[in-house]
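There are two complexes below, and they share chain A, which is joined by chain B in the first and by chain C in the second.
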Partner chain A sequence: MSLGRYALNRLAFGVVQVVAVATVVFLLVQALPGDAAVALAGDDPNPERIEQIRTSMGLDRPPLERFGAWLWGLAHLDFGTSIVSGRPVSAFLADGLAPTAVLAVLTLVLLVPLSVMVGVLAALREGSRLDRALTSISVGLHSIPEFALAVVLIALFGVQLAWLPPTAVGVGGDLLGHPEVLVLPLVVLLARPICSISRLVRAGMIEALSSDYVRHARRLGLSVGRVRFAHALPNALAPAVQQVARTTDWLLGGVIVVEAVFVIPGLGTTLVDAVASRDLPVVQGLAVVFAVTTVAVNLIADLVAFRLSPRAVGVR
Partner chain B sequence: MTVVHVEGLRAETDTRTLVDEVSFALAAGRVLALVGESGSGKTTTGLALLGEHAAGVRVSGSVTVRGNAGFVPQHPSAALNPVRRIGAVFREIGDEAAIATALRRARVPEELLDRYPHQLSGGQQQRVVLAQVLVGEPAVIIADEPTTGQDAITRGEIVAELAEVARQGVAVVILTHDLDVVRALADEIVVLRAGRVVAAGPTDEVLNSPRDDYTRALIEAQPQIQVPPAAVDREPRLDVRELSARHRSAEVLHEVSVAAGAGQCLGVVGRSGSGKTTLARCVAGLHSTWDGSILLDGTPLSPRHTQLTRVQYVFQDARASFDEHRTVLDQIARTSVRLRGASTTEASALALEELAKVGISSETARRRPASLSGGELQRAALVRALLARPEVLVCDEITSGLDTITQAGLLDLLAGLPCTVVLISHDLGVVSRLADRIVVLDKGKVVEHGDAHDVLSDPRHPVTIGLLGHTIKEAQK
Partner chain C sequence: MTHFPELSRRGFLAITAGLSAATLVGCSTPAATPTAPKAGGRLRAAFAGGGAKEVLDPHLANLFVEAARSKAMFDKLADLGADVSAQPRLAERWEPNADLTRWRITLRPAVFHDGKPVRAQDVLASYARILDPKRAFRAKSSLSLIDLPNSKAIDDRTVEFALKRTFIEFPNALAAFGTYIVPEGTEDFTKPVGSGAFSFVSFEPGKSLVLKKNPNYWEGAPHLDELHFVIANEESARTNALLGGQVEYAHDLTPTTARAHGASDRMVIVRSPNSAVQAFAMKLDRAPFDNRDLREAMFLLADRPQLVESTLAGSGQIGNDLFGKGSQYYAGDIPQRTRDLDKAKHLIRKAGAEGMTIKLDTSTAAAGMVEAATIFADQVKGSGLTIEVVTGNKDTYWADTLKNGSMSSYRSGAMPIETHIAQRLLSTSGTNVTKWTRPEFDALYQKAVSTVDDKARGEVYAEMQRSLHAEGGYLMWGFADWIVGTARNVNGVATAPANTLDWARFDKVWLG
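Right after this comes the complex of A and B.
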């Protein structure tokens, strides 16, 4: 199977996945306890007032009809309007997107080279003190949940030593203008994925370095660097690429926690607020955005992995 | 001109001596065979020519190589990087002119350069590795077991390639235990046993009038093709008519018709990729996209349960066909429980009885697969299949990877079976011992089918002739 055909197949599958996720999100939101109308009606609601709000928001229409209308809107990139503030959902997305994208992209940009470096270093020094130290740190760090790590780092570097700002309060959405506020959130987001990915790179690299094709390449007179990085490394990366994609899924969850802890006004914070105020269109819109991101990232990772291991698909 | 000179080579670890006082010399354009079974020290000697040794091995003595030494490893498929295109690796090891020369010398067509290793045939992979080694203009090439596990046609091609390289003035050292190849290719031979030279000299002299017992035993252990007496015609029990099978959209079997009677053995031979295994999988109900008919005693095979009982399959890789976490006995007894409705105790007793017949004690059977040898597991797998009391037993390359003595024992077991046996192999030496009828497949088509006596004594099709090893003998100087 060629790369192009594989990409088309995976793309078609991705569209199905997004529609399926949209359906599930809609059903789950329907099943949420509580009602926006009740929440909006204030502290002392009377039934007529609630009914009035419900009619004005279209909540009295049958679920299937509302689902159809919502999907139709999605297909035209219309996410609907917030039932709490009346702003379009797309405005919420636009506001939160920049800080979240900055966090996620910076994490990924740092994640890949750092974990490859750590993994390759450990593999080349297999069994050495350095390798053992990296292994111990990885296992230890990987078992600390991000909210706990975040709180410890804030207490130590933000409060005790006061080297870095403890939260992003006062910075607003302009994170890049104040890079110092990004340090702790990025450390928290990177800590766990670096551990798991560098372990995979290390294992793959060790296996590749002892393979027949690496021995053969050495005997053909290729330089040490070329044997390591042009012959062994590509074979070691294929499993790690898949893990990077899985990490990106996880990262979307991690971003929500990190944004909440460090008070960053991104999509995560928007989602938490929307759930608290039963702002269903915003919750649904964000869930779809997260789903599309996840599907897209996995699609890209699959294509990269396909390119890295040409045997993986299409033979036999 | 002497290219390789080895004098008093010793290699030892802390506990044992791997190579003990080995000496030989080789001139440009000549071929030397280092012959011996595994553990004889031939690989250690070969690596010493490259100046390499395994960790913990001390090497002494003198090894002189005038020029570069190139190494062609045993499995070319493992020596080619799966994620790199052929051409990209060539461009790393040499300039354009050197690559073009090497490709021509190893007869590798330019269009292979755009491919990945998995898109090449086994023979092409072998030639690519040879060409890579030739880019370095080696004075001597060491080829490690170049023909092991290959069918006779591929073996013939490898012999021709190496002979061509020698003709171009390169000294060639082959490490092998394949005496057919040695006879066809080598000018000189050094027979190694436990690291010592037991015989050395010109190939014809050493092999035609062996002076020592070990060389004599090696010559006798070489499998020979024997032509069996003509078989009696029987009513077909297994009758396959115009079977065509597909993998996805590619047709891998084309209108194959074969038949075998009760108690007869049908040998299915062909090169790898010829459709042998697909044919067997269709008969066993493991492959579903096929047209035509498969009749057992005149009625079409019904799928699922009945077919499982009536047709049993023994796989090539015995170890992979066992669950590594359960005892061998459990897994073997399960056949009777699942397919014949026996109680667990009955089934265990029966399994133990049958296992004892093939020389597996109850103590061995109660262990997990990891502590049994490959030969033991293959016998156990055979018992597991036979406990279903099948009418047809399919054996897919079950002797490949076993040493000659274990192989003979397994074939003796098969010879005494009352059921119809479908024996798949690329080795006509194996098939000729058992088969009453032989079908030769090539690219999914039957190219020869008939009584084993006729096919073996008067082969018609080039593939059959090739598989009989005639090509190797023709390449003989």
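Right after this comes the complex of A and C.
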């Protein structure tokens, strides 16, 4: 199969996925108990006031009508308007995007070289004390959920030793202006994926290094370095690239946790707030953005993996 | 979402601020000595927020953070003092006519942040906005007794309000939650202009609000140069931010945090007693609690110290089935109820209720309610009754329990005792959870709010409280402290009950 045909197939499938997710999200959001009117009315609500708010928000319209209007808007890239604040949903996305993008991009930028380095190091010294140490640490770190790791890091480095700020409170969206607040969140976001990806790189590398073509290349007189990094590594990376894509999916969830724990006003925090106040258009808009991101990242990863090693992917 | 059903606050008294500062220093920082207030500096205060639904319109304020921001930027005519009684604020004084239906309010000389004076027309326009029948502002019900078409501005600094009925407690309405005075004609609050101690600099909903000192504040300029409200929704994040030196004030901490960090050298715990009443509400209009003996049995089964110790982690006081401990007109002379299992058993037998199972509705709508219900169910064991705890939907809890069931968990923030009675204990009350409807009680209320003499009025309130204590449906077992944490260099944070003027008030705070 050619790369172009493969890309087209995957793209068509991606569109179907996004539409399916949009439908499911709408249904799930409808099933949330309570609505924005109740959330806005506060404690001790007066039923008349709730009804008044509900009508003004258009919550009394039938769900099918609202779904139709929403899908129609999406097709025109119009995400609708927040029923709670009256601002366009796209403004929420724009506000929350920068901090989340900073976190996600920095995580990915650091993740790839770090995990390749760790994986290759362990593979080249297979069975050594270093390899065993890296394995133990990886398995250990990988089994700690990110919120638990975050709480421990905050307690230790943020509060007890006071080396780093424990939260991003007061920094607002300007994370790059205060790089110190990024350290702990990035450590939390990186900890698990580094472990899993470096394990994959290590396994792939060990397998590649013991393969016939590597031995053949060495017999042809190519240097050790060239064989390892120009021939063995690309093949070892193909499964790792797809794992990086899966990590990106995971990252979207991880970012929500990390943003909540470290008080970073990104898309995750926006989503949590929107769910709490039953701001359905915002919840739906964010879910669609997350779905599109996931589908797009996986698409790109599949294409990269296909390019790196057509044999491994193309047969699917 | 956490907020009190009825926020309000209190008139400033110089003596209270002094007392509060002394109490603060006395209870938690024995090493520090009270110093003279120092001007300057920036205070960052962390509150839970509401994301996009946060607004700066003080009439729409609903969350704690919105109430605290409104208070910093705006004024009301009156506010609630430490004893939850109305104290004059923008109103310099108020004088009713003989039959208490017309009230003349004299405004103190005050200016808005744009330099324009606060006039009688601004007061009338603000109240007209709140009372607009097409809108749903929270303060509407508090002001509904004002006959607005017949109220008028006498001159720029004098307003005369006509009331729909005789009402001596009108100042309570002027102090009610959300009754802020805004410049006439204001509808856009993106850059709010008020008369408060701090003026607007910048706002990002769900993130932060930056304010600066108003040097022309009528009560004297605040000590702080800048005040930043920052949002941290999780209590642990507020605590961490305070411990990590990222904020100087963390609002609404849990008793557990207070216990863990009470002795820490990095934060000072400030407790405001009598802030939120904790109760079980029994409905009098239906079985089984239409039986007075059974209600009394419930009163006698509650082990109040244990409830306070376990559900409030000790951060509270026991209650005596009466609202407003520490408030003006609170009947503190009624003997405190204690647990009496034998007498309760006797009463249960007398009521023919042995072996009965009673459902107790509760939910996570307020912190600690489910825990308290479970502990109470335990305390009732062995009395011949069984309490079955039913946890309902927290989003619709208050509306559900107003209509359904026979017994439910209940909590309420501080408000004047008169307001509590008017909203919850009259046959016409909108939120009468206990269904306490007695013509003679309604008549006593009418008598109280028509009695000009303070002492005589106090006696009527005392009589009403005696009948509530003996026969009412509220088992008010405790009062939770309101807990905030501050950095050690923060001074002047008052210990006033939440909802009163000095709660979350920053113009009297200084950094030492």
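Just so we're on the same page, the second predicted complex is superposed on the first by the 299 of 316 C-alpha atoms of A that agree within 3 Å, B and C clash if a C-alpha of one lies under 4 Å from a C-alpha of the other, contacts with A are read in each partner's own complex, and residues count from 1 in each chain.
Everything that follows uses one rule, which is that a residue touches a chain if its C-beta (ideal position, glycine included) is under 8 Å from a C-beta of that chain, and two chains touch if they have at least 3 such contacts.
From a predicted model like this one, the values you see are computed outputs, not experimental measurements.
Chemist: Just to be sure I read the superposition right, which of the two partners does A:R125 touch: chain B = first, chain C = second, or both, or neither?
Modeler: Neither partner.
Chemist: Touching A:A260 in the superposition: chain B (first), chain C (second), both, neither?
Modeler: Only chain C is touched by A:A260; chain B is not.
Chemist: I want to verify the contact counts: of chain B and chain C, which reaches more residues of chain A?
Modeler: With both complexes superposed on chain A, more residues of chain A are touched by C.
Chemist: Figure out whether A:T167 sits in contact with chain B (first) or chain C (second), or with both, or with neither.
Modeler: second
Chemist: Which partner does A:R10 reach: the first (chain B), the second (chain C), both, or neither?
Modeler: Touch status of A:R10: no partner.
Chemist: Identify the partner contact of A:R226: answer first if only chain B is touched, second if only chain C is, both if each is, neither if none is.
Modeler: After superposition on chain A, A:R226 lies in contact with chain B alone.
Chemist: What residues on chain A does chain C touch that chain B touches too?
Modeler: No residue sits in both footprints.
Chemist: Can you list the residues on chain B that touch chain A in the complex?
Modeler: 50, 70-71, 73, 75, 78-84, 89, 92-93, 116, 118, 129, 132-133, 135-136, 247
Chemist: Which residues of chain C touch chain A in the complex?
Modeler: Counting only chain C, the residues touching chain A are 1, 3-6, 44, 46, 49-53, 55, 62, 136, 138, 141, 204-208, 228, 230-234, 236-238, 240-241, 243-247, 365-366, 393, 395-396, 398-399, 430-431.
Chemist: Please name which positions on chain A make contact with chain C in the complex.
Modeler: Listed in rising order, the residues are 33-34, 38-40, 42-47, 49-50, 52-53, 82, 84-85, 87, 92, 151, 154, 158-159, 162, 165-167, 169-170, 172-173, 260-263, 265, 269-270, 272-274, 276-277, 279, 282.
Chemist: Would you pull the chain A residues touching chain B in the complex into a rising list?
Modeler: Chain A reaches chain B through residues 211-217, 219-222, 226, 230-231, 234-235, 238, 308-311, 315-316.
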